[in-house]
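Below: one structure, written as structure tokens.
Naming follows writing order (A, B, C, D, E and F), and every chain is counted from residue 1.
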Amino acid sequence: MAKRLAYVNGAMVPESEAKVSIFDRGFTLGDGVFDTARTFNGRPFKLREHLERLYDSLRYVQIDPGLSPEEMERISLEVLEANRPLLGPNEDYWITQQVSRGLALKGPATVVIRCEPIPFAEFAKFYKTGYRLIVVSTRREPPQCLDPKAKTISRLNLVLAELEAKMVDPEARSLMLDLEGNVTEGQGYNLFMLKDRVLVTPGSRSVLKGISRATIFELAADIGIEVVESDFQLFDVLNADEVFLSQTSRCLQPVSVVNNTRIGKTVPGPITNQLLRLWSDKVGVDIVE
Amino acid sequence: MAKRLAYVNGAMVPESEAKVSIFDRGFTLGDGVFDTARTFNGRPFKLREHLERLYDSLRYVQIDPGLSPEEMERISLEVLEANRPLLGPNEDYWITQQVSRGLALKGPATVVIRCEPIPFAEFAKFYKTGYRLIVVSTRREPPQCLDPKAKTISRLNLVLAELEAKMVDPEARSLMLDLEGNVTEGQGYNLFMLKDRVLVTPGSRSVLKGISRATIFELAADIGIEVVESDFQLFDVLNADEVFLSQTSRCLQPVSVVNNTRIGKTVPGPITNQLLRLWSDKVGVDIVE
Amino acid sequence: MAKRLAYVNGAMVPESEAKVSIFDRGFTLGDGVFDTARTFNGRPFKLREHLERLYDSLRYVQIDPGLSPEEMERISLEVLEANRPLLGPNEDYWITQQVSRGLALKGPATVVIRCEPIPFAEFAKFYKTGYRLIVVSTRREPPQCLDPKAKTISRLNLVLAELEAKMVDPEARSLMLDLEGNVTEGQGYNLFMLKDRVLVTPGSRSVLKGISRATIFELAADIGIEVVESDFQLFDVLNADEVFLSQTSRCLQPVSVVNNTRIGKTVPGPITNQLLRLWSDKVGVDIVE
Amino acid sequence: MAKRLAYVNGAMVPESEAKVSIFDRGFTLGDGVFDTARTFNGRPFKLREHLERLYDSLRYVQIDPGLSPEEMERISLEVLEANRPLLGPNEDYWITQQVSRGLALKGPATVVIRCEPIPFAEFAKFYKTGYRLIVVSTRREPPQCLDPKAKTISRLNLVLAELEAKMVDPEARSLMLDLEGNVTEGQGYNLFMLKDRVLVTPGSRSVLKGISRATIFELAADIGIEVVESDFQLFDVLNADEVFLSQTSRCLQPVSVVNNTRIGKTVPGPITNQLLRLWSDKVGVDIVE
Amino acid sequence: MAKRLAYVNGAMVPESEAKVSIFDRGFTLGDGVFDTARTFNGRPFKLREHLERLYDSLRYVQIDPGLSPEEMERISLEVLEANRPLLGPNEDYWITQQVSRGLALKGPATVVIRCEPIPFAEFAKFYKTGYRLIVVSTRREPPQCLDPKAKTISRLNLVLAELEAKMVDPEARSLMLDLEGNVTEGQGYNLFMLKDRVLVTPGSRSVLKGISRATIFELAADIGIEVVESDFQLFDVLNADEVFLSQTSRCLQPVSVVNNTRIGKTVPGPITNQLLRLWSDKVGVDIVE
Amino acid sequence: MAKRLAYVNGAMVPESEAKVSIFDRGFTLGDGVFDTARTFNGRPFKLREHLERLYDSLRYVQIDPGLSPEEMERISLEVLEANRPLLGPNEDYWITQQVSRGLALKGPATVVIRCEPIPFAEFAKFYKTGYRLIVVSTRREPPQCLDPKAKTISRLNLVLAELEAKMVDPEARSLMLDLEGNVTEGQGYNLFMLKDRVLVTPGSRSVLKGISRATIFELAADIGIEVVESDFQLFDVLNADEVFLSQTSRCLQPVSVVNNTRIGKTVPGPITNQLLRLWSDKVGVDIVE
């Protein structure tokens, strides 16, 4: 039976053999970056935008991957093609490029490209029920220490937040504030809130500039909803008309409860629903189903 | 010819085969911790203190290593013994335990224990010349994001600082401030300054509680030098009588220049020298040689 | 002779008997919220907007008032009607709803609704002379501690500021900065400044979203003046063309001096005047008179 | 049947009639302060120290209570005597003085003195089981806004924290950090941790200077345990040997869990136990029983 | 041979005799402000805007210069005329007004107006090569201490930053962050970055509101490029399409390297070039030549 | 009649001719440092300590004065000797060294040494009445911008604070907080408070390490009063037993009022008095007289 393959430093290897040295700085220092796109019906979605962001992250951490963006794209597609036969019906892949600085400060870099089936079963129900978010004590790390706009593999800050949220409810997700108490993001997602028919999302100071986030900017424009990037606080989230999160694998999913407070009147809210349908149309996949 | 061995998840393997999965959260998220002791004349130094700190770090990040401290110590010594035959004269080992959360949030953890020869040649000269430290723009990350007292593998914050210092001088090392502008530490070392025969070192708010740092507390007591843990700033460092750093591999080494300013009258300063000699006596090794 | 009545937990009582238990958490912990609308010619102005904000505050502090917004509005109007006979000519009322958590963490809530004649005599002259604002040392409390957007009854922070301003001049009012030194608000008012025909007012991060503030957004639109919500600092206020404050009871009143510096060329400035006249027209009351 | 009495502005009244005006600034603005002592076997404990702290708080908020400390003490004792007949066996009282600014900025102040039976049944079990503390997102408010050393009645900041902790466990209590991420206090208690036979407690920057806290300083001195006031962080608490809290009603009680982490080896820890026994001896009451 | 003249407290004197008392508060306390315009082909450029800013600075520091803006302008032009004969071909002047508080807190102020030839030779090459900017450790001082919008003569904060940058490269210039890690400015210049055909520059919170900066707003509008004032961070600068600085003497000059990272594809970038040409046209001088 | 002389860049000149160029960076950029000692009965007091601090400041700002400390001391004494004949009975001098970077970033430095009679008449009464301190809105600038431990001539931050205090009372002095709300210092003085027979003064993070401050450490030791360097806040000052300030010219003077609150029971307090008498004895001058 066939096995999924991954690209590791120039070679295609079965996932079970896809490994990196215990001395790799990615493993010992979190010294690297990554990015993850997904497919719809097996077709990569905005892969180029994801790769641009990958190279932005690389520039920030001063790692030379030894591959041009075009080569990185080509190999990513090769990995996808190699694993396509293993995709079942209604399945889709994440495609991830990860680059660490390698064994020494001077490199050469370690480059890994991998495919993983998106675990729809784990999160499908939240399209209906919405997530519960818990505002946690751990603060999102500030850009003068490590910029959240860089998708690095030093992510323990986000993991600690997630562990806090799970204390309240194993299915809850964490919502992090920055050091000034502004709402930022949680592990893997960007947050949007709708108030008086305006969508508001945190500016890029303390959050990743999500590709799905950018997609929502486009979709909102299509339905005449203004999107504003702005600082806001828990008070605003609790009193929003609708709240949802955006994330590569999930596109967008509603938030039904923040801490102890129910958000809005229905879950998902009408604009959330409209955006989801529009996105589904755009990629030819019924995202919720 | 014999090869060094490492312990990886229960097995002793040659270093060239010592690898972790590309899906390991240590590699993808920096989701793990580690600690590193060293030997003097092949004998481990304060291994137990290092292991205690390892378990403190584990508790902070809520990872269960699946091994008791006693087991971790036993295996560490086994790894050391297995590699001892490869130690040359005047050589010594680092002994590192690294634990990541494994493949999933629930674990099980990945445990790696490894030995590496300390590269004395790379840093021996600094006992004589002293280091140049550069105060960098990147700030040490605050404890409400990720506590510097935990020796985690999400260390990119420290790497970015180091890259900044190397712009000025490839042999310079970074000195980081915290968000309030207090002096903290640099990658791999704690800082001490002597002023009017009192040693001052940053409190544990924004620095690792180094085992070598603790050793200096003991040695200073032996020679009647008071040690104070306190916030201080660049102004104080520039006007100190002596400045040195402590680090597992190097014990302690003088600092001769901070930014553009020469520190003290001689390098190393008299107290720095005295502490170094005392430490050498204690471990039966001439550290400088 | 008739006496004013207030609503206290279900009953209409004369003000002199309108009391709450010394064990009420509103009195022992400042554990509650309130909101205050006013009448013009005896007609309530934007009562619904005030009630919406009241319920936003309630949601933030997780107090269930035991009354729907509609019931709260109905009773508010009943209180107004009950007290209307006591209104003299050229008099108007404040209408306040105050809700505390009651005697225990679980409630039930204490609900008070009251009317008070607006003391025009106390502040009428400032329409002509303008206020003196003093920038005080006490900082407006940050949203990660207690959000200024919630109109809570834990208001000692604002009172301390007011006491500081009174040291300089008993008629002066305090102007508070936030922790980063941005201009925020003072007890009971929002601040606006005009520069090059653009009105600027602090964003909602550190200030109450005043209903009068929102009214000025509308009036300014009517006369083609852009309003921008933005951070600004004392430097900007000192060099503004006009400065005024907005407040439920006063609508808007000019500021003539900030610390030691006279603002603008005339008091009130031309745009301030224009806005005041427009507001007067809108409510059919000459506000200044 | 007899009823408890309270002192309200000069009069002794039954508690059910002990009320303040809905216009009192204590109720409308949280504009006041209070302090609470307790009895052991019906005898007040350190009442004078509590009153001194009350007058420190009054000075900070610039309220003149209209009574000298001696008068305040005398009336407090009268209230206690008036209610003593209602004390059952093994019962004790809280004695609280609360002063608000009254009806106007200029006063006169409202003074309330009351007795309440301490609800031992609610918290007795925690001497055995220890508390679970949850580190919450809401930060303790900073001294440049409203100093935590003043025991004011603007306490909503603390209530919001408590509501957060209850999300995890209705019996959990909140542990708050300050804006810099240092451990502070929770509603009603001070925190102590023991590490290597040294007791550490936050300095007074962001916490109330508890009278029980001061008592522990004395008791610790009696058994040769050093007490240090110092900043520390969650990392330190998780790795402490023992953690306990001090509080007027409870004296001191162990903490068994912080977030998800068990603290120490036994609950209560040996030093915690020793301090409790010593305190019991001192006041002639078996506190745990 | 003729000598340049300066205005000092009412008198025109040769520069070599243009002096202030060693007791002048400008010299002993940095207690004063200044502003500097330049000429193109000997004609002053936006002198009035510079003088307006001078008076804004004066108002902020509460210094009365003893001269109206009109008098200040007249004398400035007189100084220019007096020195015009000394201007060579292709030369231009800086015109600086500096006002200190004088010998005492109450003044009278010291007023100095001077002309200096712009040292084109020193910086001409950077139109071609672009500058290297170094992000330094010293943070730009916050507005609640001393507002960067006021052009004061307490400028040591900027000098310290510049000394840091020179450690890396004697021709590099410093780029300062504010206390929150946002990009601000360096000594004497404002920063712009272009991303996706939008120009972004820091808002006025932590930077001088440069007159050249305002000129770029106008020029950008002429070529249909939107300009946005916004917080941004090093990550954004490293990934910008073009970066340039604006400065009175240089108008605008490209930035080619930030820390270790090359910016954009060509130096100067196409929009930078277009703006430079437009400015040249506007003032009738080929700025680059 | 004889005139006072000052040293300016190598020459002794009458004060009226003691001037620096309008291009001197000390005048244009506040780019320099200074220090000021005083005499008692015409004898310099701790001149060497002042010079050490001057050289600490010079090292911090990287200015080479071109004179060794010994030369600086010798010339200072020569300036004193030159001016001694002009000292009246009961008069004493300030001796100030001021060094600016000169005309260019590379220097050479400008060195000024001057004598000024201490204006005892201006402040003598405050030994009896005590000062009123006003806590101002302007915050003391943080060490990561410009370290308050360096006695620089970029002092506008302190001047702005002083202007604020004078709004309340022309004889009041400013008391500044740091960005975190801790008490620091005011223009020209350090603050001490006495509580329970312990003297507390801010640590060196945000204040100048005054020589008079150090003298008080010595005097307090002589009378068995412990001195602690620690952060504290306004709350502590308002509730202190005694408060006084230390300053080169005044030695120490009591504080009687802070904002609106009287401090302590008598002015000066008993310990303040004792320290003053001790200092007088030590220098052989009745300081108060």
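Operating definition for what follows: contacts are C-beta pairs under 8 Å (C-beta built on N, C-alpha and C of every residue); 3 or more make two chains touch, one makes a residue touch a chain.
Source: prediction; values computed, not measured.
Novice: Using the touch definition from the top, how many steps at minimum link chain C to chain F?
Specialist: 1
Novice: Using each chain's Cα centroid, which is most distant from the centroid of chain E?
Specialist: Chain D.
Novice: Measuring between mean CA coordinates, which chain is farthest from chain C?
Specialist: Farthest by centroid: B.
Novice: When the centre of a chain is set as the mean of its C-alpha atoms, what distance in Å lies between chain A and chain E?
Specialist: For chain A versus chain E, the centre distance works out to 42 Å.
Novice: What is the distance, in whole Å, between the centres of chain A and chain B, each centre taken as the mean of its C-alpha atoms?
Specialist: 34
Novice: Residue numbers in chain C touching 2 or more other chains?
Specialist: Chain C, residues with two or more chain partners: 62, 137, 139, 142, 144-145, 163, 177, 179-181, 260.
Novice: Give every touching pair of chains, nothing left out.
Specialist: Pairs flagged as touching, ordered by label: A-B, A-C, A-D, A-E, B-D, B-E, B-F, C-D, C-E, C-F, D-F, E-F.
Novice: Which chain A residues qualify as touching chain E in the complex?
Specialist: 56, 59-60, 62, 142-145, 147, 149-150, 180, 203-205
Novice: Flag every residue of chain A that touches chain D in the complex, lowest number first.
Specialist: Against chain D, the touching part of chain A is residues 134-137, 139, 163-164, 167-168, 177, 179, 181, 234, 259-260.
Novice: Show which residues of chain E lie in contact with chain A when the two form their complex.
Specialist: 177, 180-182, 230-236, 238-239, 260-261
Novice: For the complex, give me every residue of chain F touching chain E.
Specialist: It comes out as residues 6, 8, 15, 18-31, 34, 61-62, 98, 100-101, 105, 112, 114, 137-142, 144-146, 152-160, 162-163, 179.
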